[in-house]
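Got a structure for you, written out below as structure tokens; questions coming shortly.
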């Protein structure tokens, strides 16, 4: 099986989750309040009070077969808004 | 007189705690007010300012200068982004120019609140309907900002997931973003409660009224920290944007004060109107721009509004605008 | 008279802020009160209600109607789950029926508080010992819920890690879960302070008393958001559960009001007693059920208690029960 | 070495940590306030005020030899309460 | 008389809520006050204590016993770590001995605040300049702690990233750590506001003054939880450290009370001075030690200061020290 | 590509980020409020009010070539202050 890690702005979380559900992944987990730095500059929690938010880290454990559909939904969001997505191997405990 | 007003403003707790936050960053202290505590303060301030504005709006009604003032405020929030955009395009691309322009068309609730506490300290009266003006200036600026983007970049890449137009999301951001929604909602609740449940007003006041000044001071401590953290970004933004962030508020304040005079506002309301014109949004607009104009660089519009214009207004601007109004409306002097 | 009571209740800040939260969700605003701020409000409310109840309990003592009322309250928290279970088993499996039944045997502290502020607005007296009844109704309902599970699913899979019986964990959840513990603890502190350190009571009151109404309103804003988010779940739960969530409180309120009459309670206390019977827990019981009956679907017991019964009670229920009590106890009319 | 990722309700955290310690793992890390969706429905932070809590994400870096013991302690909890557990490869930096 | 003072102190809300927190842990309740809420309370308390101290300092000026008292306080914060270190080296290595020693040279703001509320309940006067003493006792203790480490472990491994000396980081931790910075900053703001903007003092007081006692009680509920969670660590720390954590405060209190007598302080100020000497830091110093002496085991210095000395002081110590002062300064008896 | 996971005290976060930037990693993400247990004992959020903080979890996705430089900057910090660092394989989605 695969493990997908997505890191992107909290503001785009809803769209990403829609894409994950459209790909029929069996589930996902979300961690908010993630800060960091990437090609588009650094993201802190300092503007949290404004509703701008920080980043979110989304983890999806799924079968390999789901990846193409997932990529299709998520890649355009990452291209437009920024963020990263990586895949690695993972087996059930 | 100007200097004494500036000094009087400087030595109040809200402004001093703002400085304390700035100093904390400059000297390298690890003082921080961790999320979501600043959000608690900001939700509280919006709720309280809205509620109190509603109470007073119920008493003042919609007669007299109320509707003209509100209309003028909305007009300013449409106009300011347009001439700001023209100036900003001299140096910035269309996306960034539009995003910064929208920011200056909109308002800063905390600057408004600080101006109110300044007026109270000057024992000058002001009206609750100014909060309605405040509430109605955020949305138009956001919409003009988006129209400017369309104008500047007609062949822009399609937003993923948006079918054809993205107006749904834009209008949502403009009218339903949390700060506009909470402010307007609390205003309406204030109006209703003052009208139909006057006995419960008194039970709300220890929370919405008595604590207000202290919470504002506490929040400004955080704002000082955040504004100072933005100073680095500013250097990158360059002297053009820094100059814009000081001169544009002055210019908007002048226009605002003249309109206030034309509307025949009394000095307190005139100052609030001027401050609305001169302030720039770092709450609703950045959140909306991040969503709808991701091509723009947030450090441009946040740093100018929060790192320069906001401190400028609460430290120097408010008393300066007061002096200007005292000049323009001699009766008040 | 009923409609006027309903209207009077509708237009108070707590109920209006609850509506504002509901509307925020319905129109799609991004207003949210991020964790752990709602926890701050809920801890504060439990601490304040307990402390104030303790102060008054110290003054009223344990004589008169105090002990009979408390005993009747505990009896209701044992009885309600049993007949609720019988009804729920018509459509639900044993686990879900037991979990929902326990929820309705227990109480909602926020509904109780809202009823208190309603009484204050009606200038009707009520007593601190009702808080003791509130505090003592959570635990029995949890225990009956677990007994019902045992009854309904005797051959249930062993809880991992539990050796033989799981009563340790159950009793822990029933008597020591954070909301019961904080409420009872603050009540005891209130009693002690009122008795032995009366001068410090005054120093607590600005915090526990003056802020109370405002914090309640702020918390209800969040509860409105959370309750409205549950509406989707409700559709899945189906009309049987929705019907149950409106009719069972009415039925419990009727039983409660009759008991209150039998106990000879004065109108204020009678309303609180009735509200305790009619309300359902969405704090202590769900947390306990998640732990001890994981087979049950949380969206069933949370959505009914929080999405239907809670709004029903604070909007329509409280004034309705007041009208009922005014009918039953004519002296009070 | 292995990396084990566990995602489950905060309410079961104590039991899971007991199982990890019983398996003699050299350490673990816990992130709370995790939301998500799985076969048992979705979990948000909205009920946080009630003590119901959200999910937790537990990471354990350990030798392969520890996995069987870990599985033995954790699998029954996941079966009873829900949650997911995955293993992947990881080497010290 | 001693026992009655102890009882009077025991039955106040702050101390009772501290007990409630301890009991929650002992009986296994899941009561917790999640981060960052305790941070909100602790920031608030530092801000409020500093601001109020500043107001009073402005009125009292720097004459009379002010400067000698502050000098004596600083001297104690230098001296206590040195003799503590000598005692601790009997059983601990140099790193741990130095870290614990620094902890006891510094102070606990919450213990100080609790002593102030105790004095208020005794209707005894105390002065705002004592807050200045409080603020100035944290930094020296941290620096002495580091010097002791240098002394005890001259060939210590180089801190990564530090070029040669690490004094920059040490001084930063000593003078600019968030609690010292906020306390001193709020003190200065209090002085400025009292001097130049007296009308705004009144607007701050509902926040900084009226809420104080309630927030302190709420925070002590959390401190009770945290302190009780430390009890396990204590067992590991062993009876030597537990004994140290009770006897060293008593010894420091005796020295402090004698100095207070020598300085001619009035009873209220004498108690506060004694409490400063007797208390140990679990805020600024642990954070500094974690950074600069990572070789030391945090469970040693946190558990002694927070798990033993802090409860000892607020429960038994404060009234005991009061009785001692009443003996030493007979005029006050 | 590689995924690097670092878990260490929040108090050392600044130094670690400096090391990551010195290694010219293309970005990083930080999750704070991490609790856990390791060879140096357990870390909770209970002392958060004191500024002592809890742990942080840092994720870096980067090319293999960056690892040596990263190790060089981070290993001394881990040795001095404690904390763990692991590497695993990851591919862009």
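A few points about this structure:
Note that the chains take the letters A, B, C, D, E and F in the order they are written out, and that residue 1 is the start of every chain.
Rule of thumb we're sticking to: a residue touches a chain if its C-beta (ideal position, glycine included) is under 8 Å from a C-beta of that chain, and two chains touch if they have at least 3 such contacts.
Note that the coordinates shown come from a computational prediction; the quantities given were computed from them, not determined experimentally.
Shared contacts of subunit B and subunit F, meaning chains that touch the two of them, come down to A, E. Under the contact definition stated at the top, the chains bordering both subunit A and subunit C are B, D.
Chain centres computed from CA atoms place C at the largest separation from subunit F. Of the two chain pairs examined here, B-E and E-F, the one linked by more C-beta pairs in contact is B-E.
One inter-chain figure worth recording: subunit B and subunit C are separated by 41 Å, centre to centre, where each centre is the mean of the chain's CA atoms.
Chain geometry summary: the mean Cα position of subunit C and that of subunit D are 33 Å apart.
Averaged Cα coordinates give subunit B a centre that lies 45 Å from the centre of subunit D. In subunit B, the positions touching at least two other chains are 30, 34-36, 39-40, 177-178, 206, 210-211.
Touching two or more other chains at once are residues 31, 33, 51, 88-89 of subunit F. Under the contact rule stated at the top, the pairs of chains that touch are A-B, A-D, A-F, B-C, B-E, C-D, C-E, D-F, E-F.
Against subunit C, in their complex, subunit E makes its touches with residues 7-8, 11-13, 16-17, 20, 23-24, 27-37, 40, 117, 120-121, 206, 210-211, 213-215, 217-218, 221.
Of all the residues in subunit A, the ones that touch subunit D in their complex are 1, 3, 21, 26-33, 59, 61, 88-93.
Interface residues of subunit C, counted against subunit E in their complex, comprise 35-36, 39-40, 43-44, 47, 51, 172, 176-178, 181-182, 185-186, 189, 192-193, 196-197, 199-200, 203-204, 206-208, 210-211.
Against subunit A, in their complex, subunit D makes its touches with residues 4-7, 31, 33-39, 55, 57, 67, 70-71, 74-75, 84-89. By the touch criterion stated above, subunit D contacts subunit C in their complex at residues 9, 11, 15, 18, 33, 41, 44-54, 76-77, 79-82.
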